[in-house]
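Shared between the two complexes below is chain A, which has chain B as its partner in the first and chain C in the second.
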Partner chain A sequence: MKMTENALGRKVPLEVPGVGAFAPYAGPFATINALNPFSGAVHKVRTAQRGNKIAASIEEAVKKSGLENGMTISFHHHLRDGDAVMPAVLEVLQKMGFKDLTLAPSSIPDAHECIADYIKSGLISRLYTSGVRGRLGKLISSGEADIPVVIRSHGGRARAIEAGQISIDVAFLAAPACDKTGNMSGSSGPSACGSLGYAMTDARYAKHVVAVTDNLVEYPLAQNISIPQYEVDQVVVVDSLGDPNKIATGATRITRNPVDLRIAYNTFLLMKASGVVRPGYSFQMGSGGASLAVSIYLEEYMKNKNIVGAFGLGGITGHMSSMLEKGLFRTLFDVQSFDTAVTSSVASNPNHTEIDSSWYANPFNAGCLVNDLDCVILSALEVDVDFNVNVLVGNDGVLRGASGGHSDTAAGASLAIVVVPSFRGGICSIKDSVKSITTPGETVDAIVTERGILINPLRADLLESARKAKLPVVEIHDLKAKIEEMTGIPEPIAYDESKVAAVVEYRDGTLIDTIYRIK
Partner chain B sequence: MDKKIARTASAGTVESSDCLVTVSPSEIFLFEYSGPNSTAFKKRTDTLVRTTLEQYGIKQASITIQDQGALEMTVRARLAVALERATETTNEE
Partner chain C sequence: MKMTENALGRKVPLEVPGVGAFAPYAGPFATINALNPFSGAVHKVRTAQRGNKIAASIEEAVKKSGLENGMTISFHHHLRDGDAVMPAVLEVLQKMGFKDLTLAPSSIPDAHECIADYIKSGLISRLYTSGVRGRLGKLISSGEADIPVVIRSHGGRARAIEAGQISIDVAFLAAPACDKTGNMSGSSGPSACGSLGYAMTDARYAKHVVAVTDNLVEYPLAQNISIPQYEVDQVVVVDSLGDPNKIATGATRITRNPVDLRIAYNTFLLMKASGVVRPGYSFQMGSGGASLAVSIYLEEYMKNKNIVGAFGLGGITGHMSSMLEKGLFRTLFDVQSFDTAVTSSVASNPNHTEIDSSWYANPFNAGCLVNDLDCVILSALEVDVDFNVNVLVGNDGVLRGASGGHSDTAAGASLAIVVVPSFRGGICSIKDSVKSITTPGETVDAIVTERGILINPLRADLLESARKAKLPVVEIHDLKAKIEEMTGIPEPIAYDESKVAAVVEYRDGTLIDTIYRIK
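Our next item is the complex of A and B:
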């Protein structure tokens, strides 16, 4: 593989065999600010007969879809670990004798270990995803599952689909509520999951769309149509879309872990000191312990100061929809609902808007919502002294995470805060150089730990505000040295740099890093 | 005042950031180290175990450490307690 060095000094391939050519990362806004080098793909028009589109079975729908070996299929991951649609369709495709397919889902739930088997069987020979975890991550990192893997952010995937770099031939979309013409919604039915934001992009651009539902409703589906009938070719009715207990995870409780609570409080103090929490501000937070806990402090402060935010964005948690109900935000833009506490809000609150992934985070459209974010709180597996963030590779060098909207929101938000405990699992979270760059340090304004706040030297204004407010600001090298006195420094991981396990695309389509196999 | 391993004893837990140390009687020195950090801290823990046993004057023992991401000081403390529980002084016999 011919490698080149990108703007962050990371070696990345110029071409991934079986996938195509890539440009090296040149800076967070270099490609956006340059003339758009991609031309839009031309999409085929299609026609349909009047009447219903019901196919008798998944197999029947596959036959009618025109799927052939070598083509690209997609799925969404809104049903989380409860999803049974991806395994069911892959099983049918395997039985029908398909091979050499590109699997391009919006992401892969942890539960889908079967994908590893379908890579070994030859059904899947290229994988485009937001992340990989569990057994699949181990097999890719060890080289046992030996296929090209491209990791993309949620905004990057929307961009790649619209620009034609991911050309979906058949999308199989789980539909918690669907009528006979394919109008579908995610917010009702026994497998309700809330927003279908990631599926909307697939429905719009795939050459053929198969809706898979366990809840065929009387025509027409009346409320909250996430995906309209004119984008859907066939509808298959199955007994169940999956395990309702794993689809419908209850609202995540606020953590009682004192480390996470300290991080959350430090984060709140930094937000307050920066002046970002003001009437009309916009905000996104993750679903992790520390990130979620920020909302306790934020909520109290906003109530006391009569602050109403303009919008909450992103993966929406029950805590965000509760803040909407209390009038603390005017609206929510929801690309993915994190827990079922959100589903009823999507279904019934007119100010809770379902958005597609392009609207959310695509850098190559006329303006995505992340560009209007005032503040985002993000998690990390590890960070480095240049403020780069890794959310993909664990301490053992194995793939175990997802890019998600991390790099998109960090680039868009005025204040991007990364929350991370100073050490985890006996290893310091601050490294000289992260194992893999998901989000470039240039787009990260601050890192907050339980032992102090680290501010990017590029943000002198933020440093001054934090110092004025007497916040516990620490220099990143100093904190790293202090933590390492306690943890020691782990032995370096032995990678096989002649073997690429996965390439990591930045949101603009350039390659920001390469993940190698471990020896 | 050499000590000998009289019985199997353990200390610690398999909670995250802790370790479970088990010490058993054995004819020879055996050391088994597992867990997420067992590659990253292989040398460090190996040295820790050998020097601790030397301090105790123990040559024959089977030591198993399931490391769930413990700090070195945690491993040292757990190992010491497991050894205390597993040993009795030869003078007392």
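Our next item is the complex of A and C:
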């Protein structure tokens, strides 16, 4: 691949064979502020045949869909590790003898290790995703799975779909409630998962949409229609979409870890000192333990000060929907519900509004809500002294994370705080240079650890506020040195820089980094 | 104009100068059943500038919109005769010196006679609408207003917008509730009008959208968002959108007229005899006095028989929302709320779903709800012995009505009943040939008058059911002769067939008829 150096000094290809051309990253707002930066979307009104949309099986639906080798299929990840639809459909496609498909789901849950096998079998020849983990990550990082991988943020994926760079031929959409015409909702039924925000974008733009449901309701489904019937071509009834209790696995539990709690408290103090927690503010928190814990301190403070926020955004946790219920936020804009507690709020609280992923985070969308964020709390695998953040590659150099809304919200929010323990697994979290840049340091205002708050030199105002409030501000190089005194510095990962494992797209469509295979 | 004869024997132009080419009507389903009949829509994601969308005045909004002479502007008619937005905007455009605009509102309320003046002044040079009435109708029919006029059904307009035949440059959308980013709702505020179904389509496809509101709410508006912020470019605050109490003027009151009540009862009996009133059926009623009265009988019957319908559709009346409340229908799909009583139902009943006009009635839309109707009750100005219906031209030959959803629902419904008094103003309502065909007889199953039920010979099954139920079935020629014995036959209108006043588009985009100027 012909490589070029982008504005962050990272080498990125100008073209990914089998995928297409890319421009190098030029700064967080360089493309967005350019003239006519976005070609816009071509949205074709569906003119499906009338009559019965019910297909007898996934196989029959595939046959009717017109799917051919070389085409692009998509799925949503709202059921997270509980999802049984992606594996079931891929199994059918494999049995039917399909080859050379592009798999372009909104993300890939940890549980879906089967994808590794389908790459090896030749069923899947290109992968566009928010993240890869587990066995699949190892396969890609080792080069055993030799296919192009493009990693996009949630906003970047919406952008790519709307710009036609991801052209979905057939979307298979898990539908927790669905009627015979395809009206579907995420917020009722045995596999309810709340918002169907990512699926909404797929339904709007995919050439063919198959709803897969375990809960065919009497026609018409009327309440909380996430996706209207006119965007759906076929409906398949299966025994089960999976296990909604696994939606909340891991990432969304409130922590009892004292390190996380200290980080959360430091974060809360920084938010308070910055003045961002004021009436009418907007807020998003990530799904990590520490960022979830921030909301506990925040709730107490907002109650005491009678502060009501305008909206909570994003991946919505049970704690956020409880804050809505208590009147601490006037609205939730929900692109993805992080646990089952959120589902009833989506279903019945009229101020809990389901939004599609373009509205959430396509940076070129005139309503892009991440751009209206006052504050976001984000997690990290590692950070560097330039405040760049890596959420994709682990300390072993292997892909094990997801881009999610990280770079979208960091760029959009007035105050983007990254929370990270100062070291993990005996390795300092602060590096000279992160192994892979997911989010550019220019868009990160502060990094909060249990050993102090690191403030981006670009934010002199924030530094002053933090010092005035006597917060434990630490210079990033100082903390790095201090931690490394304890942990030492690990050997650098031996990458084979002649072999690209994956490219990382920034939210504007440019390439921000390349992830190489490990030797 | 070069004329051709269409499948109903009506002469229609192949091209309307200044507008474009048209195909002649070829039968109600000829185009729809053709291969690839619909090019589909190009829907561009709006990439408006971020930041403040509030414009200080309509004039400022117009300046920022990029509106130029020759362009197309649109409005919605949800506030009906209460609307003050269209006159206010046109006045500003006139003062600013604009010329040669295409006015393409969803319809034109009776009250907007000012349009006649703006045509004379040269502000408006082309008119695309569902109907014209009053002084405007006289002007067009007399030829005093010498501009191309294209009359479309509500479904036909949605189709034309989605196919790019109506390309809206700037939409000025009355917003009963709106926040600073453009999130808007029709169901709250001093000028609440319920559904914004027609406006939803304009917002999605117009190149530039100006929300005009008298009720700027705290950001974000969360409940019942009819149109999301990302489809709105500017927000203008005005003193008042008009008078929502005038929404219900005239057409939507329940009648006490004994002729209408007899017609309504005959209609109810026919519905019952046909077997259409069964569990899970779907129903739309027009806004005329008789069709509204049908629902009184229907409600009683459904209660007694424990019949619950699947959905009520369309222009929703207060009586329909009361039937939803009582559980007689499971759902209402509401493209337009016919009176203020409906507004609170839209706002708070989760089974009362706001739908856009394409979902409602674009015949090529895969979800087109009119195509799923079991029964519709429609009114008429006159009918003919071929069951063709005219809802546009009065007995004096002058334009005085609106196409609305008439031809859409008649074609879509399994049972389309037209209700009409056998004579009006001393003139028999049944003609040899209607002055103008709005809805082809092939799609009309029965005509119900106070003097008997006329059944389309194409519906031998319905005739048999009606006879079995001993309904007062009359042969259409017989009733016509009987009425004409009393009323006589009026002189035919003297049209100048060398001069076209307006063309009437069928829902599929073909021309079904031409309306000439009167001599």
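The criterion applied here is as follows: the second predicted complex is superposed on the first by the 496 of 519 C-alpha atoms of A that agree within 3 Å, B and C clash if a C-alpha of one lies under 4 Å from a C-alpha of the other, contacts with A are read in each partner's own complex, and residues count from 1 in each chain.
The working rule: contacts are C-beta pairs under 8 Å (C-beta built on N, C-alpha and C of every residue); 3 or more make two chains touch, one makes a residue touch a chain.
What you see is a predicted model, and the numbers here were worked out from it, not measured in a lab.
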Please work out whether A:368 is in contact with chain B alone, chain C alone, both, or neither, and reply first, second, both or neither.
second
Just checking: does A:100 make contact with chain B only, chain C only, both, or neither of them? Give me first, second, both or neither.
neither
Which of chain B and chain C A:491 touches, first, second, both or neither:
first
With the two structures laid over each other on chain A, which partner does A:427 touch: chain B (first), chain C (second), both, or neither?
first
Who does A:396 touch here: chain B (first), chain C (second), both, or neither?
first
Would you sort A:233 into first (chain B), second (chain C), both or neither based on which partner it touches?
second
Is the number of chain A residues in contact higher for chain B or for chain C?
C
Does the superposition put A:225 against chain B (first), chain C (second), both, or neither?
second
Which of the two partners, first being chain B and second being chain C, lies in contact with A:353: first, second, both, or neither?
second
Contacts of chain A common to chain B and chain C in the A-superposed view none
What residues on chain C touch chain A, complex-wise?
37-38, 40-50, 162, 181-182, 218-220, 222-225, 228-233, 280, 310-311, 330-331, 333, 350-351, 353, 355, 358-359, 362, 364-368, 371-372
What residues of chain A sit close enough to touch chain B in their complex?
395-396, 424-427, 486-488, 490-491, 493
Could you please specify the touching residues of chain B with respect to chain A in the complex?
16-17, 36-37, 39-44, 67-74
